[in-house]
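Order of writing sets the labels: A, B and C. Residues in every chain begin at 1.
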Amino acid sequence: MSQAANKPQETALLPASLPSTSRMVRTGKLAQKFVMSPGAAIGLGVLVLIIFLAVFSPLISPQNPYDLSQLDILDGRLAPGSSSFDGVPYYLGTDAQGRDILSGILYGLRTSLIVGVLSAFAAATIGTSIGLIAAYVGGRVETLLMRLVDLQLSFPTILMALMMLAFLGKGLTNVVIALIIAEWATYARTVRSSALVEREKEYIEAAHCLRLPGYRILFRHLLPNCLAPVIVISTMQVARAIGLEATLSFLGLGASVTEPSLGMLISNGYQYLLSGLYWISFFPGIALLITIVAINLVGDRLRDILNPRSI
Amino acid sequence: MLASLLRRLIQAIMVILAMTIIVFVGVSVIGNPVDILINPDASQAEYARVVAHLGLDRPLWQQYLMFLQGIFHGDFGTSFVYNKPALSLIVERLPATLELAMTALLIAIVVGLPLGLYAGLHPERLSSRLIMSGSILGFSLPTFWVGLMFILLFSVQLGWLPSGGRGETASLFGTNWSFLTADGLHHLILPALNLALFKTSLVLRLTRAGVQEVLPQDYIKFARAKGLSENRVIYTHVLKNLMIPVVTITGLEFGSLIAFSVVTESIFAWPGMGKLIIDSINTLDRPVIVAYLMMMVMLFVALNFIIDICYTLLDPRVRLDTKGK
Amino acid sequence: MANLLTVSNLVTEFGGTKTAPGLRAVNDVSFTLEKGRVLGLVGESGSGKSVTGFSIMGLVDRPGKVTGGRIIFDNRDLIGLEHEEMRRLRGKRIAMVFQDPMMTLNPVLRIGTQITEAIQAHDPMTKSAARIRARDALGLVGIPSPEERLDAYPHEFSGGMRQRVAIAIAMLHHPDLIIADEPTTALDVTIQSQIIAEFQKMAEISGTAVIWITHDLAIVSRLADDIAVMYAGRLVETGPVEQVLGTPRHPYTQGLIQSVPSQNQRGHRLHQIPGMTPSLTRLPTGCSFRTRCSFATEQCHTIPERTDTGTRTYRCFHPVTEGL
């Protein structure tokens, strides 16, 4: 395990151009370790499937659930397994507007993944930069930035997200912005602490001796060696963001009724729950659950392999 | 001790001040302050009058001072929807939320701590592995969806428990509580369980990790070598060391429970602050939003402060540390 | 005199299953200890000496397990003893002092609590009575103003003071046997002598037998009556301390003695045993020491039997004969 942790440091000693073979070997070893845990392997398999379904949802799904011309109100609230008037099967039933739940889920997965990946990626970029700069510059800038991080982290994500939505107003775009603002601090804190450790190592000193410019040391030398924890957090973060987006959409603060979102689908089914029409909320929820569990399984394994704590 | 207390108090006040700036900037720079502070249905003349009255034509720093003054006097403006002072609206609903969060916290500890202890003491047992897998599920399950499924199962299918509302309440200390009546308790179970789900997993995992960290320590072995009973070793030596992180985290999580009650209250129509804030964001009832946000900020700062003190009381090493300073 | 402790063919394994044997941290270890005697158990780190001590205490951590042999203490076999019976022996008749005093006391409990609980575990009495005894025990190991110190926490004590507390706890019930697992290794040299003196005094007062686990031959020569040398889980040589140190039979013992700096003349190279202690996962077949031994022959590929000369034992086909 420590071997994997030490590797990137070795390669970083080589200036700029990394020999691509060693990188391939490393990736291969990582993949090998990854598959050794059956849970993670299954998680990865499911995740790949979900991504595939999400990307090709317009091609796969039986109908476009958000094209009103394709919806037939007469097909509304059909139980799973029933068929439409003209014989098209609704495997997972339909909602009140006659929307095929299966198609809704496939389109919803797409939204969820986009929101999750986008917000996690943006938060990672912003948080990592801030963490690196704080560690590298030090002094008052560092104190100020880290105070801000502390402040931010003392409030739960959902509260930060609610606050941002209260400022910005409702909507899916604003949810993404709120998620980014709510999450950057985690990255900043983690990256700063690993950068502080890395900063003291000899290869950075060597880079200084070579009089490399600051930005180059920062991004070509320091950054690659702080990336392992960022990758792990990002993975988990995608899952969290997906869950949070669904929650906010369920609360009516995210996606609007006409936007495909798992949270919205579940929310639509809420009012029919008491009359026993379980499928409208149930199946999108299962889809959400499977997605989150799959990502978490992968993330868990990644954390074990990359072991950010040892870095 | 006193000096460090004072230092922390000053820090807490600084945090609150910082948050007032953020909230102020949020509502008056990002959002449109006029929208925030007056009813969107107001006429043009009234609009101009309110702008002048509220001093929105003055420089930003003066506006901020006015905002601060308002907060200082507990004046957050009047709710458009309820036509009542925003603060009193929040305070009215605080007990319901507190009740829900407290119950959830209690469940999380009563269930999570023993299970975590068990899983930590017997990691190789099948039951422990099941508990740990269950906790992963507890982390991954979207709370709001689980709430819906609770309603589906326990209210719709089985008909055991009511699907929403607070039920009958009884008065204590001048406010109404659900847990004092049988009907109220009945109503409390599902929302509290729902809210507790995530935290139970957290307490469980935290406890287990703590046990596994403490168990191999020499002082545990030495305690055994003294001939102490296994119960004494676990319930005094292991547990006392565990309490430091567990109390800290659960304390911090209490705030997050209150924040997350937003979701649970919406599902189970629980008339607390959380439901109010969602309604307010949806109806753009901004004075209530500001009041809620500031209330939460103060709550969190107060919680952090209390946890800090508890932490000091629990860990003698920290106590000495602060004495020395 | 009757033996207080007879360990015979003790085996302690880590990670073994019913079908596959685990790593043998303690392998076929046998020795005896008479009442009131001091046995020095010597070996390099990882040789299994601590595990031997923990095996006697019944405190081997999972996944370790005593899988063979007998530990007869006062005519009772400790292996297979009921949990409750073993607990009643621990701290009462067999006590233990650990290597690192910084780690042996629970950081969140007061010193007084940690002593009184050890008293009350074996002698039911009121809290106040136990407190008086605790105070006296602290005074006995030379801790000033013991009454006040009872309310202190471990971090308010220095390492040496903590080790005194640990000794006070170990001696509370005047045990028949104390297992001291390198109790001075983590301390400053000046404190070391104090602690050793404390030990000797306490052991003398109550006629306690001591197993002193150490890698320091100097301490053993000063303190012990008998010595047992351990290598890679096995006892390679046992006997009275003067005899073993004076005329070692096993090449490993000889190597150890020659490695002590004071044995060497100034300006001469310090003697070392060639090679490294083998890992338990890759022990050579036969005598574990043969790969580092200058006497080794083909014969050494089988495990040498124990040679018993009455007062001493050793396991070697080619015992050192110097000084005979």
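Worth pointing out:
Definition applied: contacts are C-beta pairs under 8 Å (C-beta built on N, C-alpha and C of every residue); 3 or more make two chains touch, one makes a residue touch a chain.
Just so you know, these numbers come straight off a predicted model, no measurement behind them.
Interchain contacts link the chains end to end along an open line, per the touch definition above. Looking at contacts between chains, the pair that accounts for the most C-beta pairs is A-B. Note: centroid distance subunit B to subunit C, computed from Cα atoms, is 52 Å. Inter-chain centre distance (subunit A to subunit C, centres taken as mean C-alpha positions): 54 Å.
Rounded to whole angstrom, the centroid-to-centroid distance between subunit A and subunit B, based on C-alpha atoms, equals 25 Å. Across the assembly, subunit A contributes no residue in contact with two or more other chains. Chain contact summary for the complex, subunit B toward subunit C: residues 124, 216-230, 232, 236-237, 240-241, 244, 314-317, 320. Subunit C meets subunit B in the complex at residues 54, 57, 59, 61-62, 83, 87-92, 95-96, 98-100, 103-109, 114, 117-118, 121-122, 153, 155-156, 166, 169.
For subunit A in complex with subunit B, the residues that touch the partner chain are 151, 154-156, 158-159, 162-170, 239, 243, 246-247, 250-253, 263, 266, 269-270, 273-274, 276, 278, 281-282, 285, 288-289, 292-293, 296, 300. Those residues of subunit B that touch subunit A in the shared complex are 15, 18-19, 23, 26-27, 30-31, 136-137, 139-145, 148-149, 151-152, 155-157, 163, 255-256, 259-260, 262-263, 266-267, 277-278, 281-282, 286, 289, 293, 296-297, 300-301, 304.
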